[in-house]
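Below you'll find the structures, each written out as structure tokens.
Across the two complexes that follow, subunit A remains constant while its partner is subunit B and subsequently subunit C.
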Partner chain A sequence: MSFGKSSINKNSSGYFFVMPFVLIFLTFGLWPLINTFRLSFTDTILMSRTFKYVGIKNFFIIFNDPSFLKAFKNTAYIWVLNFIPQIGLALLFSVWFTSKRLKLKGVGMFRTLFYLPNILMPAAIAALFASLFDFYGPANQILVRLGVLPEAMMFFRNSSFTQIMVIYIQWFMWFGQTIIIIMAGMTSISGDFYASAMIDGANSGQMFRKITLPMLRPVMVYTLVTSLVGGMQMFDIPFMLTDGRGAPNGSIMTANVFMYMKYSSSKGHIGLASTVGVIIFVITSVVALGIFKILRDPDEAAAKKKRS
Partner chain B sequence: MKKILLSFLIISMTITSVFASGQEEATKDDGKIGGTLKIWSFTNEINTMAIAYQEAHPEVNVEYTMIPMTNGEYQTKIKAAISSRDVPDVMALEAAFVRDYVESDFLLPLDDLLPKAKEIEVYPFVLDVGSFDGTTKAYAYQATPGAVFYRRSLAKKYLGTDDPVKVQEMLKDFDSFKKVAKTLHDKSNGDVFAVCSSGDFTNLFYANRETPWVIDGKLNIDKKVNEMIKIAKEFRDNKWEAQATQWGQGWFAGMNDSLVDAAGNEKQIFCYFLPTWGLPYVLMPNATQKVVDNSTIGETTVGDWACINGPMPYYWGGTWMGVMDDAKNIATAKDFIEFSTLNENTLKNWALGKYTNAYLKNIDPSIGDTQSQGAGDFVCSQKVVREITSEFDNAETSEFLAGQNSYSGFAKAAPAISLKLMQGTDDAIQRSLNDPLNNYVEGKLTFNECIEAFKDQVRTAVPDIIVK
Partner chain C sequence: MKYKTNTNIQKTIIYIILIIITIICIIPIWLLLVNSTRSTPAIQSGVSLIPSNNLIVNYKILSSRGLNIWRAVGNSFYISIFSTLFGVYFSVMTAYGLKVYTFKGRKFLNNFILILVLVPMQTSIIGFYQYMSKLHLLNSYIPLIIPAAASAATVFFALQYLDAIIIKDLIHAARIDGCSEFGIFQKVMLPIAAPGMFTLAIFGFVGSWNNFFTPFILISKMEKYTLPMLVQTLRGDAYKTELGAIYLGLAMSIFPILVVYSIFAKSIVSGIAMGAVKE
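== the complex of A and B ==
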């Protein structure tokens, strides 16, 4: 370090200003997390005032639960299938919206329209779709009367259909948000790069691959990680769409629905629910770190290594 | 290193502060009635009782809290109250979870009220639900026997009579019920379904099990359950059931003849299985023509219904009340439970609709314009039921049933009910069967796969039960 001792700022008012955040984070962020880890080693249930530490017994119970693997596979499947079209379309629309060549009109309006579903309540959307595709609902009536279906269909008894429905709702609620973030990332790339690329004779495809994508890397990592965290916690749509237990056949039982089932079981198994929470936390952290590692700038990583 | 030490210190301090338990408040029970009485419930029904109680005891200050049960908020709230020890004095408990509490140590024994219960002849099954290990801990003001409500016009057209006695004979067991379902289907060319959803008759079979769901901590599937699964399939395969979802839009549409299949053909439902509360709260409000955006939906079916006991006696729902062990005002809590569940006068007023909005407003002007209790709820006391049955000969409910007195119908059904098999985990186990059952009747699973799927669901939903 090149700083002398005297240059250290002893003014502590900075700490004072960050204090509210630190306190709130410690109480509502860190403490619940630590407590979840602690609870996951106990047999705590809501219908009892005492508990004891049971070691890793809860983890055995959860790993042996017939729905455990299914819940995590469903979560991964639904998240991946909703994220690919989400980021793909968001990139496409962002390129169009920010393109200086196209100079589209009404970009602001489109951006608002795409964002609107995000401010609706997930529970309301789920209830809406549940009644749209009810056996006696409008979807059946339209399809049968148009001759598309020979007779009414029980949509929510079909596992694939129900999964696709959840994927669709997740996509349609979140892609407006992703567009806004990616557009912000794109507009922050200096126009000089494109200008010089154009002088060198690059076409739009080349500019997208060689300038936009690399410069967008930090924004992409951010989008990917926040979407992953959100996806691992997917709950309201699958919970409200059918019976709240992942029907049909547990096809939309996500990790969080599984956790809630432990919590809401007749005696309220807090210990087991916390164990599921810990597993979700560990998986999310590992995958997020993996994303950071894979997507980080190779040059910067090499430079960092040299410095240390 | 310093930072790590500091954060470690903070963390350990937080942990110790949370582990250190708070001071317990001493329970005040000097046997005197007065002070503040805290009541928690999941509807406004018991608030009517609370206001009526204040008429008799103006010295008591009642604090009534209503917490909805839509997505289990109420259950979560009362479970959380157990460990925080910040509990109400009187707690309402619904049939789905009352046994969890009765089987626990969190409710105070209320055996000293039993003589009063004997005196007014409370239905034994109501007391059975509130009792565990020889101690009675919860009482109810209502009893909820189930009945079958059928359409008189359809009975006349396809069965040749709408007389409740004759129709009951035709529906006396499930073999006869199947024959009627077939007749309705064949004669109407499939336009009349016997029932609206396969969820409709599950309660009957659950109520008539011969063995409990859990024996020695192990899951036990009674033969009535197997029978129910097979009958549900038979109804679906033969199109005797309308494939609606219970509490879904199609299910309500059948009540006012607005059920239309996807191709636009009008369909009708012959009967609904509903308990006492189902008549005023579910069937009657939905059996009228609705006006939406200037167009009318359905027909009014008031006066076209009749009520019979049906193929099996059963019960559905009900609200019990208990006192939690950490309650602050035990004497008043007990007195309130006695007043609302074991007092002949209260029960009569309750059932006969004396607690109108105007009556309650007279006691407490701040209650708003909707708080009231209409006539017709079926009460827990056989003595009171005997005395008031004739009062319902000309009530609104009997107008709905073309002059039939539903109260006497319920009175006949009630003695046959037994709730001795009811356990805390029943609701969770029965809900676990819904998805596998629906898959089986749809033909997506074989019978054995359905049972295996059910067992898997129980393993996930009720971790404390051993499933072989």
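== the complex of A and C ==
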């Protein structure tokens, strides 16, 4: 963006405006990241001032730790199973909400209510669901009274149930946001495309596949990648729902919970914990940026390059 | 005619589905609020959707077992307000610098910020912790407030927003009037950007209010606890049998956000899509 001659000599002022961000990012963003990488090659523990560099020994330890692989699998599993219904529901609801044929009323109200769980404190939501599904909690009361369960059940002793619970809470907290974003994407598609498709005799299914989905691609990629990055860092819900160690049987021990367990272990092994952080960081970044590069419409990317 | 009936049947089914999903969203939150007014024996004996009259008793129990919820509320407010002010002001300033000036490294910084949005910075928490401990900033709110000024996501949103509202002629005119570059930003840009900054501020506030992980790692002194940390403590032994008090604690921690949301829902919902969709 250029403002013509009068602005040329003012352009160095740009540095002044971005300076605070750059300085604070270097001190509170980049350096801690570098420090984490540095620590991941050391045997630093919380209680001791001395440490030594141990090369890639920590990485060997972590990769050979069955708990780590389990934590990684859990994270991926929980994320995938919460994301699929999120995006599915978002596509379906957005089609309904934007349909000119249906002309649904109260769309704004529904969206507002669907988004509500997202802005509530995850710690409180986790504690809430822990109480709702407690042995003496309302879920048991209702299910026993309705005859669905013969007797009250220890929900959080069951691995599959507990995993499903985390998946459900993650879905519950995020589907509203996904609906809003997908719907905004659909609304921004020009009506002309549909009009000319209609003239060509296309039915609504064809229009959805041939116009809506391709045009939604950038928005879908954005949703996928941001959800993935957030999902890989999932901590509050699985940490607070049970004992903070992924009980029962480590079924909801996510990668970040595992990292915290290393950090809070009796010795406070922050070298190893950093290694876990580095592994999550590298894998997530590579996957997220990879998906972003590959899936984003190449034409769009080229157009963007030209524009800026 | 038949077409219309079909549409009506379809609409009825859709409304039923939408109402079911709405109930799914609201019931847990409603139960939480209602249970905070019920006694523990009542909660244990059955579900109710109607508030009861045990709120004050629950509050007495909640505040009598060593947890100071008002202090945690105050701490959370303090951190959330200052990190929001910091975050929004400097993010808009950064975005403004990137949009209005062409300087060396501008493109790099711009792309770098976009990449930062897609990178899980939270995983560097251990290095952050160790560094803060060296600086003697554990149990201080500085590491919870200052880094907000370098939030890539906020800058990203601010960039999209400024795209729509920067008026070149206005900046030109202010320059001709002899306004300094910083003066233009302060006196011309900020007032125009105020509505968008307000939306960013709501998101900043909510994010900071709900943040559990960072304070949980950095803060260990009880009197410095934030609300999410207090919620975690509530699940401990001292309150194990006091369900009414636990629900009240949870209700108090989400209540301010419920109020904010009921007032500003519109700008919040429209703000979400701001980063994802270029209009």
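Worth pointing out:
As a convention for this text, the second predicted complex is superposed on the first by the 283 of 308 C-alpha atoms of A that agree within 3 Å, B and C clash if a C-alpha of one lies under 4 Å from a C-alpha of the other, contacts with A are read in each partner's own complex, and residues count from 1 in each chain.
Assume a contact is a pair of C-beta atoms (placed from the backbone, for glycine too) under 8 Å apart; a residue touches a chain by one contact, two chains touch by 3 or more.
Treat the numbers as computed from the prediction; the structure is a model and nothing was measured.
Placing subunit B and subunit C on a common subunit A by superposition gives a clash between them. Legend: residue contacts after superposition of the two complexes on their common chain; A:Ser131 is shown touching both subunit B and subunit C. In the overlay built on the shared chain, the residue A:Thr112 is in contact with subunit C alone; subunit B does not reach it.
Ranked by how many residues of subunit A each touches, subunit B and subunit C are led by C. When the shared chain is aligned, subunit B comes close enough to touch A:Asn140, but subunit C does not. By the touch criterion stated above, A:Asp65 is placed in contact with subunit B alone, subunit C being left untouched.
Touch criterion met: A:Trp96 reaches subunit C, while subunit B stays clear of it. Legend: residue contacts after superposition of the two complexes on their common chain; A:Phe28 is shown touching subunit C, with no touch to subunit B. In the superposed model, A:Met154 makes contact with subunit B only, not with subunit C.
In the overlay built on the shared chain, the residue A:Gln163 is in contact with neither subunit B nor subunit C.
Put simply, of the subunit B stretches 44-52, 62-70 or 440-448, the part that bumps into subunit C is 62-70.
Within subunit A, the residues touched by subunit B in the first complex and by subunit C in the second are 31, 34-35, 38, 131, 136, 141.
Contact residues on subunit A toward subunit B in their complex (touch as defined above): 26, 30-31, 34-35, 38, 46-47, 49, 61, 65-67, 131, 134-137, 140-141, 143-145, 149, 151-152, 154, 157, 243-245, 247-250, 258, 261-262, 264-269, 272. Against subunit A, in their complex, subunit B makes its touches with residues 10-11, 14-15, 18, 71-72, 75-76, 79-80, 82-83, 97, 100, 104, 106, 243-245, 248-250, 253, 259-264, 424-425, 427-428, 431-432, 434-435, 438-439, 442, 444, 453, 456-457, 459-464.
By the touch criterion given at the top, residues 1-3, 6-7, 10-18, 20-22, 24-25, 28-29, 31-39, 44, 93, 96, 101-102, 104, 108, 110-117, 119-125, 127-132, 136, 138, 141-142, 172, 176-177, 180-181, 183-185, 188, 219, 222-223, 225-226, 229, 232-233, 235-236, 240, 256, 259-260, 263, 270, 273-274, 277-278, 280-281, 284-285, 288-289, 292, 308 of subunit A touch subunit C in their complex. Residues 7, 10-11, 14-15, 18, 21-22, 24-26, 28-29, 31-32, 35, 44, 46-47, 90-91, 93-94, 96-103, 106-107, 109-110, 115-131, 143, 146-147, 149-150, 155, 168, 171-172, 175, 181-182, 185, 206, 209-210, 212-213, 217, 227-228, 231-232, 234-235, 243, 246-247, 250, 253-254, 257-258, 260-261, 265-266, 268-269, 272-273, 275-279 of subunit C touch subunit A in their complex.
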